[in-house]
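What follows is subunit A paired twice: with subunit B in the first complex and subunit C in the second.
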Partner chain A sequence: MAEILIAGVGATDFGDHTGRTGRELFAEARSSALEKSAVPRSDVDALYYGNYMGETAERQSHQAPLMSSGVGTTDLEATRVENACASGGYAVADGVRAITSGEADVVLVGGLERMTPLGTEETTAALSRAADELHEGRPGLTFPGAYALLADAYMERFGGSREDLAHIAVKNHANATTNPKAQFQSEIDVADVLEAPSVADPLGVLDACPITDGAAAAVLVSGEYATENGLEPAVAITGSGRGTETLSLQERGELTRTRAAESAAQAAYDRAEVTAADVDVAEVHDCFTIAEVLALEALGFYEPGAAITAARDGETTRDGTLPVNLSGGLKAKGHPVGATGVGQLVELTTLLEGTHPNADAVPDAKVGVTHNAGGTVATAAVHVLEVAK
Partner chain B sequence: MAEILIAGVGATDFGDHTGRTGRELFAEARSSALEKSAVPRSDVDALYYGNYMGETAERQSHQAPLMSSGVGTTDLEATRVENACASGGYAVADGVRAITSGEADVVLVGGLERMTPLGTEETTAALSRAADELHEGRPGLTFPGAYALLADAYMERFGGSREDLAHIAVKNHANATTNPKAQFQSEIDVADVLEAPSVADPLGVLDACPITDGAAAAVLVSGEYATENGLEPAVAITGSGRGTETLSLQERGELTRTRAAESAAQAAYDRAEVTAADVDVAEVHDCFTIAEVLALEALGFYEPGAAITAARDGETTRDGTLPVNLSGGLKAKGHPVGATGVGQLVELTTLLEGTHPNADAVPDAKVGVTHNAGGTVATAAVHVLEVAK
Partner chain C sequence: MSDEIIRETSYDAWLDALEVDEGYYLRGDSRATVPPAVAGKTDELERETLPETGVVESKTVIRVPHPDFEDAAPYAIAIVEFGPVTLTGQVTGTDPEAVETGLVVEATVLEAETSGKRFVGFRPAGEVSDR
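Up next, the complex of A and B:
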């Protein structure tokens, strides 16, 4: 893969931004990333932009040119990517590819979602469109219901308990307490999670990520551009991978593994020439607690069936051997769908460059991974980030 | 640009497919393209898929993995692209880029739209989301209204008449009479167009493309893959370009030129190392008659102000020096939004390889161009196709 450097990142706070427009939120993230990058706006060749439900939430499709024109030049291309909750991760992957192809030197990647204006019921309906409408949506399977099926299947095969899952939520809330951009900056304990109202058994409301507004952006540059322009970004994207699986759960051979994420991870590791053992820190897609378990196994950090106790055993906590979701994760940082994959990039970049408020947990980290999943992991995008040499 | 060959193309009939699902329509186009390509399904590395309003029309977002899993292998990546009416053209451009990057050898590009289930009123609302919601949609500007503004501005600056525009519709209907895939296979005359009910003055209903269901797909392969596998596709994509302009009309310096298409054309010509003068045949985005005029000027076939009489003067008719929209165009072939850009590729490929029912109009054509526009040309994708050497 060509040398891809992360010249600047930016994001809004994640949370309730009622009263602000999507373009306003994205402008904040975009400007922040561009300013930090020190790249002149006229040098931006392309925008790849992730958004999931703008048609519904803002009555605005065709958002890419809306978001690119604020760069201050129209001499760039702009493309919206939609792969459900992995829209942001795919925008990053397409941005990387634009540079790898030699067709772009500077690419802005970004994502946005406004969800709170819709309210809970309409948001749930919009999210259900990420599942197979014919085989899942129409029969009435909700998104939490789908993940509850995955949790049931996992625990039936491998064991594990609601307590094990609760430790994941507790860990991610703890991490978010020191992340000022996170939606929830409050600690919870295992009893809170277990006693929370059920959403879809075995998952309770504290096993689930919230409804969130937010935007994130990053400026990617080629190694050649950085050299020519005297830029010295601290972090590089050394691997980018994507994977796919059937949209409906019923068509899959098994429910306890996420093959799309396995494929994406393998492709990203191969391109980066690293293995799971090289990874020091990870931001993974914990839309539900069980999703973090599946992510850790797909990324090769744990054998199938072994990750469910990782948080409980302290291995993935702030002080553990492999801190996971130091940002707070989707669970506590929030999950503005189209922005999430780019938000993970923002968090991991700052963790590796040492500017993140939780960077002291991983002072020697050299290699990090982001894992972004669409729907019930019918799509996944994985990126390997490394401290630049 | 790397060598990109079009190994196979396929499309459904365009028209009213009430009663068929989107996945069924796309499967027809996909299977047709894959069968013609002779590429084993397991060799497909990626799907780039254009769709505009699936959230609304089918309550189905996250369509890329749904459409890729029918390839018969899940060992591929799948990404949905949404840039309004240019979604298909951008899917093609991203497919080209995937091969150029060296990350893929075989890419399926495709697009789908189902519009008829929504009915006219809801379809109009969905289409209006391709314009700027804040500055255009909310104040009540409809999509035909926006193009009427462009027509007004054009005729005020350069002259031209409703009769001139009518000749474009007449030409494209005439071309469609011999295209069995076209939605309208009936001739119309200038009086029909002028007497048709007004949609948004100066545009009448016969200046506008219809509401259409349809799907289209193409298999792109690298030159290296073709050589290694003994494939000899007749047509290559030698240039791919994209351009962007402000989403809202009010932010543009002028309304009589489409800068996004000019940028896209320049980028595509540069990569193909051709000029407008080399082009023998074109499929352009005539969602309204005025749009064809703007397209011909943006592509450099005519100076600004000069293309409005092209059809009337017989220059772009079937027997003209530069036949445009031999397929029937969006006007008569139909405009299933997300499929249109890929459909243009399907039509132009078969025109150049001599298998299109209207190929006898361009027996010596070596170079063709597709022009696909999003919204009021806030985005555009242009591709140069050439008979492979």
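Up next, the complex of A and C:
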């Protein structure tokens, strides 16, 4: 893959931004990324922008020109990307592809979601639309319900317990306590998770990510552009992969694996010429605690059925052999759907370059992975990031 | 240029058949599915009779409901294997918490009170229909 460097990243705080518009939030993230990159705004060739529920939350479709207009150049291709919760990851992948193809030298990738205007009921409705309407929406399957079905199938086949899952939530909340951008900078314990009201058995409120507003952006440049312009970014994207599976769970044949993420991971590893064993740190899509388990197995860190105890055993905690979601993850950092995949890129970039508040947990990390999933992982985008040579 | 052809697109017609105990699925060369189905031009989809009963593969009790079922929570949703095909539906006719993996159920058609939309339902096999 052509050399692609992350010249600058920026993000808003994730949380409740009542009173602010989506365009304000994205402008904050965009400006931050562009300023850090030191790339002139007139050099930006394209914007790839992830957003899932703008029509519902802000009565605003066609957001790409809205979000590109503040860049400061009219000579810019702007495209909105929608793949549910993976919209941001796919925006990153599209940016990588644009540079790899040679059509662009500088790409702005970003994502934004406003969710708090909707409240719980309307958010439940909006998220349920990412599932198969005929086969899943009509019978009343919710988004948490779909992951509950995956959790039930997993534990029925491999064992594991709600307590094992609770340790994932506890870990990610602990990581978020030192991340000033996180929505929940507070610790919880296993009892809190187990005693929280159920949303869809076996998943409770504290197994689930929150409703979040937020935006994230990154400036990607080709290696050639960086050299010509004297830029020395610390982190590169060395692998990018995408995968797809049936939208409905009932057509998959197997409920305990996420093959879209497996495909995406393999493609990303192949392009980066690394293996799962080379990865030092990961930001994965833990919209529910069980989702982190499925992610770790799809990424090849664990065999099928083996990842459910990873947090409980301390392997994926801050001091573990493979720290996962040092940002707090979707669970505690928050999940502004269309921004999440880019938010992961922002977090991992700063972890690898040593500027993240939790970077001291991985001082020697050279290789990191982001894993972003759409719906029940019907789509997935995986990126390998490495400290630039 | 397309090498696929849209067939058996009527989900409503499929529900109509299921509703009068004439449920079916579609068998292709390498898979089995239910409408709406898209198949390759050379992939003939044969209608096969849906097995009378299926087995619960995975289940959940929904406590925070889908907006179409605001007054119905808690309710059970299950993924059920009917031989070569798998269906997703709402389980009625039993306590939602009593739905277990391995439970044998029959497929039926239900209607959401708020939206009027029909959908797949399941009830424990052998129960007298309340319809």
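Here is the rule we use: the second predicted complex is superposed on the first by the 389 of 389 C-alpha atoms of A that agree within 3 Å, B and C clash if a C-alpha of one lies under 4 Å from a C-alpha of the other, contacts with A are read in each partner's own complex, and residues count from 1 in each chain.
Definition applied: contacts are C-beta pairs under 8 Å (C-beta built on N, C-alpha and C of every residue); 3 or more make two chains touch, one makes a residue touch a chain.
Since the structure is predicted, the reported quantities are computational estimates derived from the model, not experimental observations.
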Partner chain(s) touched by A:S161 [first = subunit B, second = subunit C, both, neither] | neither
With the two structures laid over each other on chain A, which partner does A:E251 touch: subunit B (first), subunit C (second), both, or neither?
-> both
First, second, both or neither for A:G145, with subunit B first and subunit C second = second
May I ask you to decide whether A:S101 touches subunit B, subunit C, both, or neither, giving the answer as first, second, both or neither?
-> first
Which partner does A:G137 reach: the first (subunit B), the second (subunit C), both, or neither?
-> both
Report for A:S31: first if it touches subunit B alone, second if subunit C alone, otherwise both or neither.
-> neither
Hey, is it subunit B or subunit C that touches more of subunit A?
-> B
For A:T21, decide between first (touching subunit B), second (touching subunit C), both and neither.
-> first
Which subunit A residues lie in the overlap of the subunit B contact set and the subunit C contact set?
-> 134, 137, 251
Touching subunit A in the complex, subunit C uses residues 11, 33, 36, 57-69, 72, 75, 77, 79, 85-90, 97, 101, 110, 112, 117-121
Quick one: in the complex, what on subunit A touches subunit C?
-> 120-122, 124-125, 128, 134-142, 144-145, 148-150, 152-153, 156, 197-202, 248-251, 253, 255
Residues of subunit B touching subunit A in the complex = 21, 23, 52-53, 55-56, 58-62, 64-66, 68-69, 74-84, 90, 93-94, 97-98, 100-103, 126, 129-134, 137, 242-247, 251, 259-260, 263, 374-375, 378-379
